[in-house]
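Chain lettering (A, B, C, D and E) follows the sequence in which the chains are written, and residue indices restart at 1 in each chain.
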Amino acid sequence: MSFNILSWLVWLPVAGAITILFVPRDKADIIKWVAAGFTGLQVILTVVLWMNFNKDHVGFQFMEKASWIPSFNISYMLGVDGLSIPMVVLTALLSFLCIFVSWKIDKAPKGYFSLFLLLDAGMMGVFLALDFFLFYIFWEVMLLPMYFLIGMWGGPQREYAAIKFFLYTLFGSVLMLIAILALYFSCGRTFNMIELVEIAPTALGTLSWWGFSGLKVVWLLLFIGFAIKVPIFPFHTWLPLAHVEAPTAVSVILAGVLLKMGAYGMLRINFPMIPDGTVWFAGALAVLALINVIWGALCALAQTDLKKMVAYSSINHMGYVMLGMAAVVASGTQHGSNSAAAQLGMNGAVLQMFNHGTITAMLFILVGVVYDRTHHRNIDGFGGLASKTPIYAGVVALAWFAGLGLPGLSGFISEAMCFLGAFPVYRTIVMISTLGILLNAAYFLWSYQRIFLGKLNEKYANLEEINGRELFTLVPLAILVILLGVYPSPMIDVMKTTMAHIVELVQVSPLLNVN
Amino acid sequence: MINYGIAILLLPLAAFVTQIFVGKRLPRNGDWVSIGAVTITFCLSLAMFGVMLVKYDPDFVIDEAWQWFDLGSLTVHLGILIDNVTVVMLLVVSLVSTLVHVYSTSYMEGDPRYSRYFAFLSLFTFSMNGIVLANNLLGIYMFWELVGLSSYLLIGFWFEKNSASDAAKKAFLVNRVGDIGMFIGIMLFFTSTGSFLFSDVFAGVESGLFSTEILTIAGLCLFAGAIGKSAQFPLHVWLPDAMEGPTPVSALIHAATMVAAGVYFSFRLFPIFTPTALIVIAYIGGFTAIFASIIAVTQNDIKKVLAYSTVSQLGYMILAVGAGAYTYGLFHLVTHAAFKAGLFLCSGSVIHAMHHAYHELHDHESDPQDMRNMGGMKDKMRTTYLTMLICTVALAGVPFTSGFLSKDAVLAGTLSLTMHHPEHFLLVVFGFGAALLTAFYMFRLVFMTFYGEPTRREVYDHIHESPSPMTAPLVTLATLSFFLFFTLPNLNPFSDHGWFTTLIQAKDSVVPGHLNPTAHEIAEGMHHAHTPAMILSILIAFGGIGLAILMYLQKKISADDMAARLALPYKLSLNKFFVDETYQRYLINPSLAFSKVVAFLDWELYDKYVINGLGKVTEWFSRVVGIRWDYNVLDQQIVDGVGRSTRFFGAGLKFVQTGKVQNYLVWVLVGVIMIYVFQAVS
Amino acid sequence: MVGLNTYLIIGAILFSLGMFGVITRRNGVAVLMGVELILNAANVNFVAFARFGGMDFTGHVFSLFVIILAAAEAAVALAIILNIFNSLGTVNIDEANQLKQ
Amino acid sequence: MGNIQSISYFIPELIVTAVVLVAVVVDLIVSERNVHRIGYLVIGGLAIASFALWLSPPEESSTLFLGTIVIDPFSRIFKFVFLLATIVVVMMSMNTDELKSVRTGEYYALMAAMVLGMSLMASSVDLIMIYLSIELVSIVSFILAGYLRAQVRSNEAALKYVIYGAFSSGLMLYGLSLLYGLTGTTKLLELGSAVAALGPGSELALTVATILIMAGFGYKVAVVPFHFWTPDVYEGAPTPVTAYLSVAPKAAGFALLIRFFNSVFGTGQPLNGAAWEAIEGVPWQAILMMLAAITMTVGNLIAIQQDNIKRLLAYSSIAHAGYILMAVPVLSQDGIYAVIFYIIVYLFMQLGAFFLAIVVSNRYDTETIDDYSGIGWKSPYLGFFMAIFMFSLTGIPPTAGFIGKMYLFAALINGGSQFYWLAIVGVLNSVISLYYYMRIVKVMYFEGEREKNLYRPAGASAAIILATGIPSIFFGIRWSFLADWVNSSLKFFVSGF
Amino acid sequence: MTGTSFIFWIVALLTVGSAAGVVFSKNLIYSAISLLFCLLGVAGLYVFLWADFIAVTQILIYVGGILVLIIFGIMLTHRITNVRLSHSSIQQGVGGAIVLAIFAGLSAMILDAPWYLSSAEEPTETVREIGRMLMVDYLLPFEVASILLLAALMGAALLSRKVD
């Protein structure tokens, strides 16, 4: 293919960032429109990509490969498959919308928007890279703009939040680096993910780390790196802080895309490359998922800061993703056919990643809307806003109900798939974690009541209704939430072949057949 | 037929969407959109009903499923099931819905969110039809939650009232508790059968995929959903609170249709319930029936009485399912839908009138729903009074009414069960006891409202009969409370034989191993219990009515005296057995407190001390180093809050760097020795 | 005949005393003297090893270079000490402590 | 090779020597006003020397001057490092206000002398030569550290440095004497087999000798616990000198350390791909691993406490020495590869960071980190490059520092499971270092507001910033050229003569 | 005990004793004088080790050069009128302990190690051999040493120059 669409996806935002650097600093409008233009183009490209994507193809498509550093066998390699394409769409869409969410940024817009575009490029790169080294580079590169975006445009505790985020994630990623190198050397010096998937499952067998099985250690190192991003308990405490302090658009990206990278990384790397480790750890993963679900929900229930509540809800929701992923070990017959539970869980996990991306984006944008008007986020400090701003209240209701997993909205089906997938393997855990959906409902409804219902707080008698720009950022998401809630097939069709392949790769592990 | 089904499902949805987006801009705020949609729905249902009557085939069924999504190894189907039960349910739903829509045009007139109200009603109709039409567990679950949503929206319709928003939240959450059980049940069935379709699940059960224990658990888990939705003990607490919603909503959702969904669901699932599960179901139903009716006796809020009455009647239906007379449970559902909706609409009419009266008197303090503020209204509100009386008679189970037929059948089923299993005699006590109390409290309600002297004359003077959009539905529903409509083509008022019992016949349990009696055996048993049950129930109904007459019409017995004499039961009943308080105290408050504790652990302890502080040990270490070798400890303790412990650790090492070159040299030598020692050890 | 070990022990003593001097003396010049002792200790070693290792002149050459370097070092060190004296008025090492933070 | 033949291979060093002498003579002639032009002379001379080095046969590998030094690709690449570092530092020195007040002719001459010493360090294969070259570098360093005679802190730095240096080299000398006593030779290439031939009972003496020698080397590369001089000297010395000391002599120290341990305490492989092994009996590998771990940890932890940018960079340079040291005990081609690669990368980023500190000090007259507040807004140019250097020093892609670190860790991982813990300590230290490096970035960007008049360095300053900054990014993205070059330089001269 | 060894022990004692004087004396001048005797003693030891040339160099450079330099240093940094020239010590306790430990370790090592031993005749002439080595084998170090001395000279001159 002569038109390297994936490279365009990755480098277009970079080009945008560079373009912005040449715009005079006082022309804020031009800067914003340039940013919107480039991300818009990116969205169009993802649509083209989606249209041309072959759903039945096992393996990667639109591959691009170029030699980069031959001496270390590093190459520039991009590709997309059913696992990454939902994430690519999500990234492009959220980046585009977030430009409009950030429209009101008036402090150094030039820096803000160029950093934002770089962030976009980094995220794209992570989802598209097929060379492990390239993957890591994008993974880390993304941290820099994120650090600045939180630290320079964030809330009162922004400096603390920025460095904490940076330290936390760097901690995870350096451990990952070690694991990457261990894989590299034990698999005959290659960073090529496609080759690693073939070689690694057997190559790691001989590795030993001070008597521990090397593959377990490598698995764990990778896992910690990804778990911090997800975040999985107990690596989660950066999240509430960073989400709360970041500007709205950055919170959206953090929750909408960054968290997905952790799960994506596990699915892309841990699962197929080290199936033995995956099987070994799956039970623990399910337990961690349970903790995430319950712990996140309980913490969300106790919050008085609206944004923090939403942040904790992300922890809670990512727990479902983990639960679905833990189902991968369900081999044999369930649901009436072979490894169906595993596929249900895995598809559910990826679907939940996408759906959580759209839902949480809505949640954060909505929190931003009210914060822009009232300049506080104390849940108890509102009251009765529904009578003053019915449209806003309605959209919030939609997002809130999507968040609590109402059927007909997209969150439900993916959560249900995760539960159903994990259920045959982890009955008790799943049963306990269904409590999470009760707690979900509790904190969402309780907060909704405190903010929107009851008598109107006189302070907000002149509250402005949500405006057109804000609605513009929300409507595409809302449409996705409803569409996928009613008919998830388009998304599932895209990813199911890949997920089946990953399940297959994991289930070759001999550990599974012992039981 | 299937097209009719789809149209019935989608029309209200279309109305909902239209109303939400453009409702306010339409003439009359677009109420005609919703009414039109629901009326067409009703017509379609009626047409289906006609077809059904023409076919007159008990085994009539259309079951069609479409692929929802496909995972390769697993395909999930959703679809529509239309059989006689569906048709009857659709008719009930669309009829009551249509009437309530019409009624609401008047009742809700002038409300600022008029169009939104109709949108929500349409949403509800859509969801309820969905439950009825679904041919699979997941579909039912989804619409189950959606009716929950519409219920939430409608209960909290007047959200400015805190009590309304509280009630809405409570309804949703309590239902979710049941739904969790239901979801677990669905998972249990799905795990073995790989399908959500009833047909597949039943086939799976029949082929012995499940052990009896699992089946019992799975069945009860599914039933948990019904407990929540049909407000059975112990999840009944949301329904009385749900009366905060507009009264037509109470009639539609919280009396006739949605709350009956649990019964409908249990009805559908009856073939897979094991004997153990059925007994549990029966006890839950029976207990709820008596429990709620005891509470209803002492309530003074007209809607609360009706609400507890609904809970109690739902208990009856569940009891019928548990007792095996599950077709009669459905029968009671249908008859009850008519007269209970009628009762609610009547009470709405009364409240409406009271409200206007108070409004005209500029009295914003008094409660228009409190029966103690009413009295003697039969003369002012003729239509309302008469229709309400008819519905009350039906509910009390007096012959010639539909309620008599269905209630009698339920009691017969219970009696039959007890005759076969005398150890479950309590069920009979529950059943007949509840019947007695029902007759009593319903007439108490009628007498307190319509008879006697008005409490305040000036209020009485301002009472007017409600307008015709409100009274017309009342008349319709009251009419439907006569036995005739359910026994055709037979005309025997004492026998339930008719089109209903012919078309809707019990099916055999699919639980393997012949653990449950067959449908025929159950019918047989009921046949024997029928006559004693009928006699007993007639006596009991009149007994209850008589007691009410004595106490509230003729005042021969003082209600206050009774209350004083039965202080403890009275107190329990008045306070609804303190169930809400118990939950608040032992479940909700501890949960909230626990969440606070967790959040504290997470943020104030874990994050602050474990993550931010790399541990007291390092701090201690740095202090030891600092005091031992540095003279300027204090100088160094300028610690800014960030990265505190790392800095602390760093500070400890900084003390060593004293700037004295010879001190450094000592350290060099110490280092040399240490290295030596290290190598000697290793 | 005095053996190698005797010389080495003498060297070790000089070495230790030199270290002790460097560590403990406050006066910069005295510290320098300690350094000279250390260097001499090494030189004694070199010459002794040369003698007992078959009269290998490499050791001699080594010690010659050490002596030369010692001179150079001493010159530079004394210059620095003088400089310190000029600016601080003291040659006590522990008083030269402006850089302590 | 004999003395006469050797000269033709010694031309770059001879040019450097000539530069020293010419500079000294010119210094006596030129007027006070023009004395700084000697800097250009030195730069020119070193450039010519570089060119001569470039012309020298890259693959040539033999001993020179009757086995006192060798030329081999390994020393050749280090010589480039020294020349490059010195040229940059001379340029920095010409652009700092600190040295404006003193006569700098000798200063530049001494810099050139330093290059000679370091080149010899990298190529010595005789204990005498090793000692001599270390001393040459040390003595010149003492003088350079104390070059600002009018400033007490500079004097003090020199005093501490000289005492510390003399003491350490005394220890090392004593250790060398023991080695000589055990084997009867001073030739590195013979020592290896001689040490290996030593019977049992020699372990104690070898260990003592190793430790004492390590004290000398450790002092040169500032390894804990031989690092104590670093912060004070770095803070007191003129900033360009500090920059210089934190890069070039360290690199020389590592070159020497690697060659020494390879030849004497190893089996002396010529880096032809096979790992070599440490001799039995002396656990110097374990010692080096320990020291590496402690060094980076201590360096990083103390760096967190610093409020002065020079001290911060000083301590961080200790940490970097620790990182580099990690790869030495791996005893593999990968390890040495990583060391050299890292040193080259480190040269750019460390010199760049120091030079920015100089520019800031020139412009804003401060060395305190808190005073860097808002520099990112006042001068985007400075802020951007400072941030780049900080990221690179932390080791975050896409900067060269990351690639360097990656190679270090790769060497450890490839080295075998006994090195994994060290790799983990290493990466955790990177995380710690993030904290203080980011503090500078934070102060520069998160504080302050946009200003009207932006400061933009011009001329030579800008050139130096670009010359260090661009490689710091570029080698993070495309480092093939560098990788190949380093790869081709992995050859020791090892065979006897 | 032969006469040679008697003299040896005298010299050895002188060396060690005066070395102790250097580090323990309270008077700076005494320390310097002790150093003189110590250096002489070391020169004596060299003689016993058949290294006459080194011994002479030791006396010439050390005693004649370095020691004079040191005494100059003392003179320049203390007023001559200051009779006592006292100087004090620090951290003697900890320093002493460490140094003793090291000395103990070194002694153990010295007695234990298999030193490279090879018998040899007393050379008739050492100067020729040393000269040959300096001019042939160690020509490069010899030349480098000259650069080093040049640098040191420059540096010393530079540093001790009065600040202008």
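The definition used in the following text is that a residue touches a chain if its C-beta (ideal position, glycine included) is under 8 Å from a C-beta of that chain, and two chains touch if they have at least 3 such contacts.
Note that the structure is predicted; figures quoted are calculated from it, not measured.
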Third chains touching both subunit C and subunit B: D, E
Chain whose Cα centroid lies nearest the overall Cα centroid: A
Reference subunit A; chain at largest CA-centroid distance: E
Distance-maximising chain from subunit C - centres being C-alpha averages: B
Interface ranked first by C-beta contact pairs: C-E
Chain centre separation (subunit C, subunit E; CA means) in Å: 6
Centroid spacing, where centroids are CA-atom means, of subunit B and subunit D in whole angstrom: 77
Chain centre separation in whole Å, for subunit B relative to subunit A (CA means): 36
Interchain centroid distance [CA atoms averaged], subunit A/subunit C, Å: 65
Sequence positions of subunit D contacting 2 or more other chains: 128, 132, 135, 139, 142-143, 146, 149-150, 158-160, 163, 167, 171, 178, 181, 184, 208, 231-232, 435
For subunit B, residues that touch 2 or more chains besides their own: 643, 654, 657, 659, 661-662, 665-666, 669-670, 672, 676
Set of subunit C residues in contact with two or more other chains: 8, 15, 18-19, 22-24, 28, 31-32, 43, 48-49, 53-54, 58, 61, 65, 69, 72-73, 76, 80-81, 83, 87, 93-94, 97, 99-101
Contacting chain pairs - touch in the sense defined above: A-B, A-D, B-C, B-D, B-E, C-D, C-E, D-E
Complex contacts: residues of subunit C adjacent to subunit E: 1-2, 4-10, 12-21, 23-30, 32-34, 36-37, 40, 43-44, 47-55, 57-58, 60-61, 63-65, 67-76, 78-83, 85-87, 91-92, 94
Subunit B-touching residues of subunit C, taken from the complex the two chains share: 19, 22-24, 31, 93-94, 97, 99-101
Subunit D residues within the subunit E interface of the complex: 3, 6, 17, 20, 24, 64-69, 106, 109-110, 113, 116-117, 120, 126, 128-129, 132-133, 135-136, 139-140, 142-143, 146-147, 149-150, 158, 178, 181-184, 194, 198-199, 201-202, 204-205, 208
Complex interface listing, subunit C residues touching subunit D: 8, 11, 15, 18-19, 22, 28, 31-32, 35, 38-39, 41-43, 45-46, 48-49, 53-54, 56, 58-59, 61-62, 65-66, 69, 72-73, 76-77, 80-81, 83-84, 87-88, 93, 96-101
Residues of subunit B that touch subunit C when the two form their complex: 654, 657-662, 665-666, 669
